[in-house]
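Lettered A, B, C and D in written order, each chain numbered from 1.
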Amino acid sequence: MKSLLRFARTTEMTLLVIGVVFFVFLVIASHGDLLEANSLRVLLQFLAVPVLIGLAQMVVLAVGQLNLAVGAVGGFAACAMGVLMADHGVPVPLALLIGFLLASLAGLANGLLVVLTRINGFIVTLATMTVLLGVQYRLVGTRTVDAYPQGLKSFGSYAVFGVLPLIFLVALAVAGLLALMLRRTVPGRQLLASGGNPIAARLSGISNDRSVIIAHTLSGAILGVAAILTIASSPGVNKSIGGDWLLPSFAAPIIGGALLTGGSAVVLGTVLAAFIVRFVDTARAEFSLEPSWVNFVVGTVVLGSVVLGQVRTRRQERRTVVKAPDAAVAGGVS
Amino acid sequence: MSAPVSETATAALQEPDAPVEQPRGGRTPWWANQRIGLLILVVALSALFGILRPAFFNQQLVVFPLLRDIAMFTVVGLAQMCVLSIGHMNLAVGRMAAFSMMITGISYDLWHFSLYAGLLVGLVAGTAIGALAGWVIARTGVNSFVVTLALDFLLLGLIPLVYTGLTDNAAFVTKPPGMRELRNYSLADVCIGNVCGSPAVPQLAMFAVIAMVVVGWIYSRTKLGRELLMTGTSVKAAELSGIPTARRVITAHAMSGCLAALAGFMLAVSTGSIKATIGEEFMLPSFLGPILGGTLLAGGFISVWGTLLGTALTSVIRKGLDLLGVGLESLNIYLGLILLVALSTDRFRTVLSDRQGVKER
Amino acid sequence: MTLFEASEVDKLFPGVRALDGVTLKLEAGSVHALLGENGAGKSTLIKVITGLYKPDGGRLLLDGRPVAFGSPHESASAGIGVVHQERNLIPGFTVGENILLQKLPTSRGLVDRGRIRSEAKRWLAELDLDLDPDLPVTELSVAQAQLVEIAKALSVESRVLLLDEPTASITPNEAERLFRVVAKLKNDGRSVLFVSHKLEEVFQICDTVTVLRDGSSVLESGALSDLTRDQVVDLMVGRVHEALTLPPRTVPDAAPLLELSGVGTATGHADVDLSVRPGEIVGLYGLVGAGRSELAKALLGLDRITAGEVRVRGEAVRIRNVRDALKNHKIGYVTENRKEEGVFLEQSVSRNIAVTVWDRLLKRLGRIPGLSYVPKKAESALVADYVEQLGIRIASAEQLAGTLSGGNQQKVSLAKWLAAKTEILIIDEPTVGIDVRTKDAFHTLIWDLAANGLAILLITSDLPEMITLADRVVVMRDHRVRGEVANDHDYDTMSQQVIRLIHAEAPAPA
Amino acid sequence: ATGCSTKSSNDATGTSGDDASTGTSSGPVELKDGSSVKLALIPGGAHPYFQPWKTTAEQDKTDFKLGGVTFNETGEWDQGKQNNVINSLAAQGYNAFGIFGVSPTDINSTFEDLKSKGFAVGSLASCPAGDTNSADFCLSTDVEAAAYKATKATIEAIGGEGTIVHLTGNNVDSNTQRRIAGVKKAIAETNGKVTELPVITDIDKDLQTAQKAVADLLASKGKEIKGIVTTAYNPAVAAADGVASSKLPIKVVAIDDDAKILSGIKSGGVAATVTQNPVGQAYVGGWLLALLGSKQCTMKTPGVIVDSGSFVVTKANVDTYDAERKAKTTELQKDFAAQLSCK
């Protein structure tokens, strides 16, 4: 009962309410068309990748880092898989595995660079982003690679009961695993502890460096999955893949309640936020809105939901005593 | 001055043998200073590129546009630096530039303003939109990241509506007198008697110099600048020290908007027209310059020189790669790698200086 | 039997020799005190022992065998538990998880919540603490948080327990509970290291003592029963420390500068009556959490005043914020939380002191209105003046405040309000975590400020300090004033009166 | 005085009064010495459309014996970066520039800069916005005409009646505005038989955005729509794929002849595509720039604008359209010869 009450006051609850209201509104506006199997399928189909990139960013935000290379890692991995299959005839499972590993490696490299060089994560991921964009272009140039086996594409477009796209289920599964890991496993808890209060974590025998590396690697791995889903569901891959991932990757977790300072695991919030952003797309098509208006609406929704959330946390903060030390203090022990 | 503390208390407080607490920083050797490190990097890379491609020192075709670029991106960096100083971010720098240039464009196109009157109108618009962002942040307490991101989307929606409504080509092409000259003139066109300046230095760079001097002066000499930095270090402590932190948040964002507008103007002048896509490329460079230059993301410490040098470093690398004829297949790979290596050496110097028993700020 | 020994330990920080050949021996079944002034190196020694810092010289021996801990994790595994001076709970986690963070119980790869709950309950019970292990730590009071940390240190089943100023922010009652646990550990044959600036406590619970001065041990494992309080203080200070004598001071009979009548706040204060006259020190006493700091903050406009009236110099006022309080009413507030609210750790000492007076220093530039700057010379002159007056020991005014010891930071925090030339000063817990000598200096200073005509509202949980300084003591409990006692500066009668007031009535319903 | 040597110098119709003679309409002007010319072809950024330029540049070099050629796409769709690239190339001795300006409203300033330094400049594949062209010439697809043709093809494919929708790129680009106008014009000519849903812009940034927009469009309006006309690359790929997988009877008309789209035409997934003439632009442009850069010729009317042609390709002519395009290229060269005044 107590925990139920606590949930009622969370960002997730606000988002859930906003999402449901929005959806009902869209259903009414489309005279029920939106409930048709095909419309629902399309709605969910394009949620898979946004959910994953939001999660990929959320993991690094959880340790107080950020990852500017989300799009570059995903795009690079997708193109690598495409080229392996189309140009080198590598069997599908092997190519996907290699792509996934490449993305995870890229994440690992980010983490290692941050830890070893102590350069700001912002700069490190900016640099790796630049490098990977270059590699992506070198791999595919300006063409669209699509000569890979049909089987993969049918996996990408298959929908259970014609409604639930397989790739969406995969994304949900990843979200579930991530939530489980962050809530119930030791490395997951340690990762959040490092993000929540690095000094305290260190004093409790947790290696913050390890947490940072794990978070970046996880981020890369999730992007690897995103790349697989992308290549499976796209008409092909080209250098534009991943080009538009950066802002949505931040928007979903932050709307979902993640703190930029670290320590928050908001898997559900991120997923819900991705839903809401997706509803905006649907509304755009439904009302033939100009993109300008859509941007306008997105801006307003973001601001609105977060202002609401802020009012709530402020109310809670009155009772707050233990807080994450600010960055100034964080410099103290090293 | 009447001392609030009497002699006796002072005597009690001053323990003659109490140890003096040494600063952790100690004395930093000159070579461990981040700014000097950057300067060395910039000079060394320039020399390297100059040796590989003598054309690197071509005054009109290479140095002139390079300096024009550095000038513009320095202003962009300063725009971000102002909000970084209070520990905030402005994700809408580019869009603020676009918004203020839109107003400037309207002033040229519809009201036939002169070049500088239009600039002034743009600066005012930029200041206003920045202040608006600051006001929302101060009032709601919502993270600056989110507010400016939302504002970015809002402007991204608004600006094209205005452009498509008011113009045929989605750009204001009216050029007030003086604009073309501003774009092309260098110090060679400024003469005192028979002595003229260098043709390598664009006149447009004066805006960056003015911005650096003003911003530098504000942060180093004025109460406002100090209060901004104090707010950046700790909002709570600042509020409890009588600093009007809400107003300072608004000021910082207003300054950011104003500088973004200036950068937008410089871009418009150097490319030729005022269009909706102005500032689209501003976001990453706006962070890169200040952060490379030592400005803290967390707030409380800035460096105007550092911003210039950080910007110069990236521009020089890019220019050098251009001249080496590196194709798009390799350009970004080299760009990223050089940046990483350059910064790692910077880091290496810091560690080395730490070894010698000192620690850099 | 010596359980743990640190011998000839050195630790260098860039520019500072924090430990210089320190030796410390911890015996099984005894409580050992580690004393020293601020910055003497106590916390550093503890961090070296627990593997947070790598020593630059010397050896650590556990059970006579040399050990080297690469991380806090290793020292914990070896049976060394620690409560650090800084707070170290993870904000998003529950009480239970925080307690067991160092070795989360798992079953089949997943964190076992049931066991967390039951084990955490066990450790909390050791401290007689009835807390729900599922409560997020963000909902704890400062004192509760401190106790949770102690439970956390106990949870590693340590044979050696290091406590770095564990009593700085808990009530005497809670401290007693802690001491009972310490006694029990001692009887179990474990070894406890106790760091505190409160010598009364040290003499109450400790058996032996090591005193550090400027990073070296000036007394190693002396028996406390052989020492007097004054001897210990002299050792810490390095010369004969004179007992504090304050010159007589009379409160002029003037109208109150600050008056509260029937004040209620949004946080729950009700019917607060209070007045402070110029030249008077009014003490506001209460246990931690009584709502004194919150009252001060409400006074400064940081919280809503919902009832009653605040009068400054006889006029009813509504103070909007600290700036308003400073500029229009000349009220200053020295906060209790100096690290987060009092000083700007990452800014220079100079800016920390001058922050309240830039307005006054401004010089016009040219004729344009609003164009003015802070002249560097005037600023440094002013700073130098206060650095000298308060005896702030620094290498240069450009040094970052964060690099100063607690005592010096507190002086900096006070200096800015003195510089601002305030007439009413609210001073909140001025000497928490501050060593004896500096504490005495502070007492002289506060006394002296009142003698010079300042109206001072002194909030402190340190009863001896209150009795030393205050002219009147107002006692607060549960956000209400429970009574007022005129101070006769006699500890025994005063403490009885005050304690009686605190326990006089049943606490008001929440 | 030197005469102008042309392939068919016996044809005297083109002789003008002054001491220079022009080329003739019957054949191209022969370049005397290309070795002093270093030609740079500069697209706006990486895009499949420009890929033929790369090979054609080499062709230019051998055919006209140029001193050097380069193809540089590092401008990355940013006018500032493109200007930098141009300047760097100029510093390295390139003296003839064929440029696709990133920003049509800005590119005249760039052209003016280059002209003032004495370089030969051609605006290729896109003309500056507005009425003036400060380059020596502009050789480009008339985007409005191409969009118009594409729409015509769409209308024809859907049988002259029904609702169509137009998918395109960056809304605040003057070329996009011209394309939108071209589509509107073709629809207006049907007198209401064909109607248009609101145009969908800004979906050319990346493939996934385009794909999502198409899927949403088909989900919400799929039953109303009979035809889709696309005037940008990623939307074209996405529309072809989206329609094919949704199995709706919608006709898609694409743009350009990237391998992906041609295979769509062959398989029937794409009803038609409007191809442009990148080879012609690079070849004829290179030839002209060589003539101008070697100071052999000047333009009679500087800033002349010439349409490089656009071609509707359907399943019927998918194997033969290239010949038509080559013919156009030859014709272009002849047309230009008449516009030159040569030494």
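Details
Methods note: contacts are C-beta pairs under 8 Å (C-beta built on N, C-alpha and C of every residue); 3 or more make two chains touch, one makes a residue touch a chain.
The structure displayed is predicted, hence computed values, not measured ones.
Greatest Cα centroid separation from chain C: this falls to D. Here the chain pair with the top count of touching C-beta pairs is B-C.
Mean C-alpha positions place chain C and chain D at a centre distance of 75 Å. Distance between chain A and chain D, defined via averaged C-alpha coordinates, is recorded as 39 Å. In terms of their C-alpha centroids, the spacing between chain A and chain C amounts to 43 Å. Among the residues of chain C, those in touch with two or more other chains are 340, 345-346. Contacts with at least two other chains are made by residues 137, 141, 290-292, 326, 328 of chain A. Counting partner chains per residue, chain D shows two or more touched chains at residues 46, 171. Taken pair by pair, the chains that touch are A-B, A-C, A-D, B-C, B-D. If you check the complex, the residues on chain B that touch chain A are 136, 140-143, 145-147, 149-154, 156-158, 160-161, 233-234, 284, 287-288, 291-292, 297-298, 300, 328-337, 339-340, 343-344, 347. Contact residues on chain C toward chain A in their complex (touch as defined above): 47, 50, 52, 71-74, 76, 82, 84, 86-93, 97, 101-102, 104, 106, 109-111, 137-142, 145, 152, 267, 339-340, 345-346, 402. Put simply, chain D touches chain B in their complex at residues 46, 70, 72-74, 76, 78-81, 83-85, 87-88, 90-93, 103-110, 112-113, 117, 129-130, 170-174, 176-177.
By the touch rule above, chain A contacts chain D in their complex via residues 30, 33, 38-39, 42-43, 45-46, 49, 137, 141-144, 146, 157, 230, 233-244, 281-282, 284-286, 288, 290-292. Chain B meets chain C in the complex at residues 1, 3-6, 8-10, 12-15, 17-26, 217, 221-223, 226-227, 229-230, 233-234, 236-244, 300-301, 354, 357-359, 361.
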